[in-house]
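Each of the two complexes below includes chain A, the first together with chain B, the second together with chain C.
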Partner chain A sequence: MTAEPRPDPSAAGTGAMPRDADVIVIGAGPAGMSAAVELSAAGLSVIVLDMNASPGGQIYRAVEANLNEGASHGLANALGAAYSAGQPLVAQFRVQSNIDYRPNTVVWELRTDGTVGWQQAGRGGYLRARHVVLANGAMERPMPFPGWTLPGVMTAGAVQTLIKASRLKPSGRVVLAGTGPLLFLLADQLLKLAVRPALIARTDGLGDKLAALPRLRPAALPALAKGAGWMANLRRVGVRTVTSLTHLEAVGNERLREVVIKAAGKTMRLPCDLLIVHDGIIPSIDLAQGAGIAMEWRPDDASWRPVTDAHGLAKPVSGPSLSPGPNCVWLTGDARTIGGADAAAAHGMHVGQTIAASLGAVKSRHASHSSPAKRYAQAMAARPFIDAAFPPGRWSVELGDATIICRCEEITAAQIRSCAQQGVTDMDQLRGLLRCGMGPCQGRSCATAIARLLSREFDSPLPMPFRGRPPVRPVPLGVLAQLQSLDPDLSRSEALDDKPDASSRGGIDV
Partner chain B sequence: MFDRKNDVVIIGGGLQGCAIALFLAKAGSKVTVIDKTVAGRHASGVNAGGLRLLLRDHREYPIAVRAMDIWAHLDQFVGQAAAEASEVQLQTSQIAIAMDEDEMAWAGERERDMKRRGIPNEQLLDGADIRRLLPGISSQVLGGLVSRPDGHANPANAARAFRMAAAAGGAHFEERCCVVGIDLNGSGSWRVTTDRGTAEAEIVVNCAGAWGAGLAGLVDENLELRSMALSMMVTARVEPFVAPVVIGIDRPLSFKQSAVGSLVIGGGIAGKPCLEEGTSFTVMDRMVSSARATVDAFPCLSDIPVLRTWSGLEGVTPDGIPYIGPSARHPGLWHVFGFCGHGFQLSPAVGETVAASLLSGNIDARLQPFAVDRFQAGKPAQRGRNDAA
Partner chain C sequence: MFQPIGSPEAMLTVYFDNLPVTALPGETVASCLLRNGVTRFRTTPVSGAARMPFCMIGHCFECLVEIEGLGSRQACLTVVREGMQVATQAGPATIYRGANYDR
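Right after this comes the complex of A and B.
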C-alpha cells in the first residue's frame, strides 16, 4: 500500500513539494529489504524499486521460486545454506503492509533532494520521498584479458544468475579463473550440480595467505570455516587448482575454443567450452555518482566507493550540484562497502532504524535482536583477512597492449596508454578523445580498469570516475517524451528566444 | 611561470580563439592563446557540429557562406590528417520541418524573404518532398525548408584540428591558466596577468565564450550576455536511415544520425549552468519536450533508448548573433564571443576575417552587424524580427 502524499513539515518554506512516500528504497537485496522492513515496521510509508522480478537481489535471486515445495531439491541443495538463508528475510519483506514494492523497475536517475527517476514496461516518471536508501548492491570487477569478449567467457555472477533464475547449468569443459570467495562458492555449487571444473586458476598464491594471517580475527572464524569447507570439497574430488596465475587468454574465432594459462612460471593450453572469471566485487557506484555523491578511490583493490558516514548518510561532492538543499540519500549494503549478504542485511537494518528515528517513528523493540551495528561489525570481521588472502583487482595491473578495455567502443590498453603518455590523465578528457565509456554500459565495465591503468603507470593523482550524467540507464525516447516533472522550476522549458521571424532566426546547432 | 611578449594575446582557446590564432600565426604574428582549462573544453568541443546555412540570421550569411568554403577545403587550413579526423560532411542537407500550418506559413514567408535578399539556398518543400527525403517521418509533416549545401562535422576533432594547426603555425598555448587581470602597462600595451604568469601584447582578443562578458567586466566594459548550458542526448545505434540533419521551426528539435548510427538530439534544451565553477548539469525534465518533438517527427523512434546526455556552457546575446569587433571603450581590445549556440559553422571564417581585420587595421565589412556597441543608446535597434517587413 502506498501512503497518500502528504505535506512534509521539514519542507516548509521550500514550497512544500509533494512526496510520494516517506522513504524510497532502491534495490530489494538483503540491504534494501532489511531497511524497508525496519522503516515499514516503524509505520513509515516505503516505496521499493527493484530491477528484478522478485525480491532477493543478486545473492537471493529467485529464492522463493527455487525453494518452494515444488522446486527441485537438487538445486536448493547445490545453492546451499548461504542461499536459503534469504528465505526468511524475503518472507518478512513480503508481509509488510507499508511497503509498496515495484519489481521490474529500473532507476535511471537519483538526486540528492530525494527525487528518483524510474521506468517500467514502457512507462516512466519521477518519484520523491523525504529520504532515499540506495541499496543497489555490487557488480563484478571487470576483468579484461585477451579474448574476454569472446562468447564462451562469462563471469561467475552471470553463471550464478543463470543457475538461479533460469535453472541452467554449464556443460562441457569448464575452467574457472581469478580469485575471491564467490569463485570458490560457485565451484562448490557446480560440483553439487554434477559439473566438474577442469581447472581452477587462481591469481592469489600461498604468499597472500601468509601475509593475511596477521589480519585473522576470532570473529572471522565462521566465515573462514565455510570457505575452508568449499576448498576441501574441491580437493577431495580432485579438481585441479593452480595458483599465482599471471597470464590468461581466451582463444577462438566465433567462440571460445581454448584457454592459455601461465601460472607459477608454467604455460599450459587447455581446450575449453566455458571460461568463468571472477576478480572480486566492487560497489555499483553509477546511481550514487550520477547523484553527485563523493567517491573515494581505494588503491588497495582498485575500486571506488561512495563517501558515507557510519550510518550510511552520503556525502555529496563539494561544489555546485543540480539539487540545492540538504542531501537525503543514504547508502547501505555492498553499494556502500563490500561486505556480503549478512553485513548488508545488518547495515540495511541499521539505516532503516536511523532514518525512522530521525523522522520520529520508532517501532516496538524485540528484545532478542542484538543491535544491527554490532551484527554488522561481526559480519565484517572476516573482510580484512579475505581481502588480503584473495587480493582482488590484481589482474588489472598488467594489462597487455592489445587487450580491449572498453568493450562497448573496443578501445585497447595501448590506445589508453598512448593518450596518457601524451599527458591525458583525466578520465573525462580520455573519454572525449577515445570514446571509452560512451557506450551502452556508460563506463561500468571499463572505468576501474582505466583508472588503474592511469594511476599505476602514470602516477596520476587519485583518479575520479567519468562524469556521471542522467540517464544512468537507457530510457526509451517514447518514455522520456511522456515524463512528468515534479519541479515546476525544472520543467519550465528554458530555451533560446527562438520563435523565429521569417527573416532572422537565431537557430542553434546543439 | 611564463612571461611573454606578443603581438596578440587571445583569451579563450575555443574554436573561435584557435581559428583566429591560426590565421594570425600563419600571417607571422606572435600569438599566445590562454585557456583556463584546455582548448575546446566547453561549447566548442561538445556542440552538435552542425554546418548549417539553413535558417541562419541573414546578417550571418556573408561569413557563413565563406565558412562553408573553408570547411569544404579544410585540409588546406589544418592539414590532411586533422581534416579527415574532423569528419566534415557537406551536401547532405539540413531540413527544417513544418509540423503545423503556422510553421508551414512561416517557412513560405522565410523562403520568399531570403529570395528577396538574394540568398537562394533555402528551398521550400511540400509534404511529399519531405517524406521522400526523410524516410520514417511522420505523416503529419506538411513540408519545410531544405538547404542542400549543409551538413555536419565532428566538433571535438574539429576544435582539436584548429588548435593543433594554430600551434603548428607558431601560436603559443598556455592551458590551465586563469586570467586574473587585464591592464595597460607603462608603454601603452596590454598586460594580461594570469595565475601562472603574464603576457604582454599590443592587441588582446576576448574569445572567452560564456565567460566573455565577465572578462569584459575586468576592463569595465558592460556587454549583455546570458549563459546557458545547452544540452544534448544521444541514443543507442540504429541502422542508418537519415543523412540530412533535421531541425524544428517552433519545436525544440535538432536531430542527426552519426556515422556510427546513434541519433544525436538537441534543440536548445537548457541545463543548469554553473559558470563560476565551469560546469553544468543536464536536466532530464527539460529533455522531455525535445524527446516529444523527436517522437512526433519520427514515431518509429519511440522505442530507441537514450543512452546519455551532456551539456556545454555557451553565451547568448540579446539579439541572437555574436559580438565580433573592437571594444567600444579600449583601443587594442577585441571581443569575439556570444555565438548563441551556432558559432561552430562560422568559426573558420570568423578566424579569417578577424585576423585580417587585426592585421590591416580595417574592419572587414562582413563583421559590421556584430559590432559590440550595437545596443547602445543612439544606435538603431537591429533585432532581426524588425526588418522582416
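Right after this comes the complex of A and C.
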C-alpha cells in the first residue's frame, strides 16, 4: 500500500512536491474505469478526474440512473444491451476503496512528469502522481459543410447525450447525414423512442462494404450482424435512405430551416428542424498534444493519434521537453486508438496491470480468465472491416470556398486557401495569421479540416497539428489567482511595488 | 426541437435571461435550455451569428453562456442548480460583475 503521499527522489521534475497519489487517471469511461479498478485492486492509490457528473464516459453516460430508475422510460430498451453492458464495470469502479473519484472536474494541463492541472466548481490547482493514465476518449470527426454552424445542426453524439443524460428526444422533422456505425445505432434508438427520421443520407455505400469484405474477420461478425439488424429495421419501418451523399448544406437564417442534399447525382431540398450529422470518431488529442506527446497522422482515418507503445506508454516529441525527467504518461481507450468500449475496457485493464507491475504492486484478487491483451486484440480484430466499410465520407469532397472551417473565428476555406497559396505550409503559422485555432475550442473543430486544405494545396504529407499549450481549456481568472499546490520553484508572488519603475524607463506613468 | 422521454419529473427552476425555465435535477445547463426550446445560446464575436450546442460533450464550445455573471462558461459541462442565473452571451465574454450583480 502506498496511499500516503510521499516524495520520490528517483523521479526528477516534481522537485520536492509531495505526490497526491500513485496514479492519476483522466477520464472515467470504460478505459479509465478499468485502469483505475486494476490499479486500486493492486493496492495503489488512484485519483480519477472526469468532466462528467457520473462514471461511464460518453458510451455509458448516466447508465446508473437510467438502469436503476429508468424502467418506466423504456430508455434501457431503446439504448440496447451494449449500453446496459456498462453497468457491471461502473459498479466495480464504485466499490473500489482506493479510488478517489472526482466528477465534474476539468483537466486543463498535463505534463509528462505526472503533473495535472484541474478545476472544479470555481477551484483549481495541480495534482502529482508517479504515473498518469490519459483516458479522455474520442470526439466526433468534424466535417465542415455549408451551414454547419446554424442552430439546429448537431452531432449524433450530442443527440445521444441528450437522450442518455437528460431524457430528451428529438421532435419535428429530423434528418440524419454522414456515415459510421453510430449514425445507424442512433437511427435505431430513435425508432425505439418513436422518433421517425424523415431521411437518412449516407456517404458510404454498397461499394465500401464490398471493398471492406477482404478485411472481414470472424471477430467482426457480431458487429456485422448488429449493423444488418439496424438496416433491416430501418427498411421495415420504411425510413427513407439515400447513399453516396456528396453534398450537404444547412439553410436558414437564425436557425435551420431546410437541408440540401446531393446523393447519387440527385439534388433534393427538404424542410428540417434538426439535422443530425456524424462522420465517425477520432481520438481526442488535446491533453496529449499539450503535454508534448508525439502525434502520428493516419491518412486512411483522416486523423491524428498519439504515438504510444503496445502497452500505451506515450512517446514524447523529440527535442527539448516541456517538463524534465522521464515520461510517465500512458494512453488508453479511444484516446489512444479508436476501438470502441470493449477494446477500451480491455486495454485500460492492461495498462493498469502494467503500471501496477512496474511499481511492484501485486493484485490481491484472482486473475481474470483471459489476459486483457488478448481480449484487446480480439476486440480490435473487427476494426479493419468497420473502418473500411465506413470511410470518412465527405473527406474526399472539395471544401467550398464560402464554407466556414474555423467555427470560433468564422474563417472560411477561401481564407485558408489564400494563405496556403501565399506559401503558408505550417498550421501554427496559419493560426498566427488568421486566428484559426485561437478561439475557445482551441482548434478542436478545425484542425483536421485545415490539415486537409493545406495538404490539397501542397499535395504533400499532412502537417502536424497546432502546437498545444496549457491551459488547453479556459480557466477563469479567479481560479488561476487561487491555484492550489503550485510548485514553489516555478511560481512566485509579486507585489506591485516590486515592479520596475516604469517612469525611469520613459514608460507611461500610471 | 426536443421533447421529454417518459412522464414529467421533478423540476427545478433556473433563470434564463431573467425568465424562469424548468430543469431536470442533475442535468446540464445546455440540456435545460434545449428542453425549453432555446436555440440561441450565444452570438459570435465576429459576425454576431446565433449559435447553439453542437457536440454536447465539451469539445466545440458553441454552448458558451453567462452563468451567475461569469462569461464563457460551457453550458454542456455545468450542472443546473435551483435558482441559477443563466444569460445569453453576446459576443465575447464580459468582465465578471459579481455574483449577484444588478443587471
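To be clear about the criterion, the second predicted complex is superposed on the first by the 460 of 510 C-alpha atoms of A that agree within 3 Å, B and C clash if a C-alpha of one lies under 4 Å from a C-alpha of the other, contacts with A are read in each partner's own complex, and residues count from 1 in each chain.
Everything that follows uses one rule, which is that a residue touches a chain if its C-beta (ideal position, glycine included) is under 8 Å from a C-beta of that chain, and two chains touch if they have at least 3 such contacts.
Keep in mind it's a predicted model, so treat the numbers as computed, not measured.
Novice: In the overlaid three-chain picture, which partner chain does A:Ala402 touch, first (chain B) or second (chain C), both, or neither?
Specialist: After superposing on A, A:Ala402 lies clear of both chain B and chain C.
Novice: Going by the contact rule set out at the top, does A:Val95 touch chain B (first), chain C (second), both, or neither?
Specialist: After superposition on chain A, A:Val95 lies in contact with neither partner.
Novice: Based on the superposed arrangement, let me know which partner A:Gly432 touches: chain B (first), chain C (second), both, or neither?
Specialist: In the superposed model, A:Gly432 contacts chain B only, not chain C.
Novice: Going by the contact rule set out at the top, does A:Ser485 touch chain B (first), chain C (second), both, or neither?
Specialist: It touches chain B, and chain C stays clear.
Novice: Which partner does A:Arg255 contact after superposing on A: first (chain B), second (chain C), both, neither?
Specialist: second
Novice: Considering only touches as defined above, state whether A:Met139 meets chain B (first), chain C (second), both or neither.
Specialist: second
Novice: Taking the superposition as given, does A:Ala225 touch the first partner, chain B, the second, chain C, both, or neither?
Specialist: A:Ala225 contacts neither chain B nor chain C.
Novice: Just to be sure I read the superposition right, which of the two partners does A:Asp273 touch: chain B = first, chain C = second, or both, or neither?
Specialist: A:Asp273 sits against chain C, while chain B stays out of touch.
Novice: Using the touch definition from the top, say if A:Ala81 reaches chain B (first), chain C (second), both or neither.
Specialist: Neither: A:Ala81 stays clear of chain B and chain C.
Novice: Do any residues of chain A touch both chain B and chain C, and if so, which are they?
Specialist: On chain A, the residues that contact chain B in one structure and chain C in the other are 439-440, 474, 476-478.
Novice: Can you name the residues of chain C that touch chain A in the complex?
Specialist: Residues 1-7, 9, 24, 26-28, 31-32, 34-35, 39-41, 44, 46-47, 49-62, 64, 70, 72, 76-77, 79, 96.
Novice: For the complex, which residues does chain A have touching chain B?
Specialist: Interface residues on chain A, with respect to chain B: 109, 117, 126, 319-322, 429, 432-433, 438-440, 442, 469-471, 474-478, 480-483, 485-487, 490-491, 493-510.
Novice: Write out the stretch or stretches of chain A touching chain C in their complex.
Specialist: 51, 53, 58, 65, 72-75, 104, 106, 139-140, 149, 151-155, 157-159, 161-163, 165-172, 193, 254-255, 273-274, 284, 407-410, 439-441, 444-445, 473-474, 476-478
Novice: So in the complex, the part of chain B that touches chain A is made up of which residues?
Specialist: Going through chain B, the ones touching chain A are 38, 43, 45, 47-50, 52, 54-59, 106, 109-110, 112-114, 117, 156, 228, 230-232, 235-236, 247, 249-250, 252, 254, 266-270, 272, 274, 277, 279, 281-289, 291-292, 294-295, 301-312, 314, 316, 319-321, 340-342, 344-345, 383-385, 387-388.
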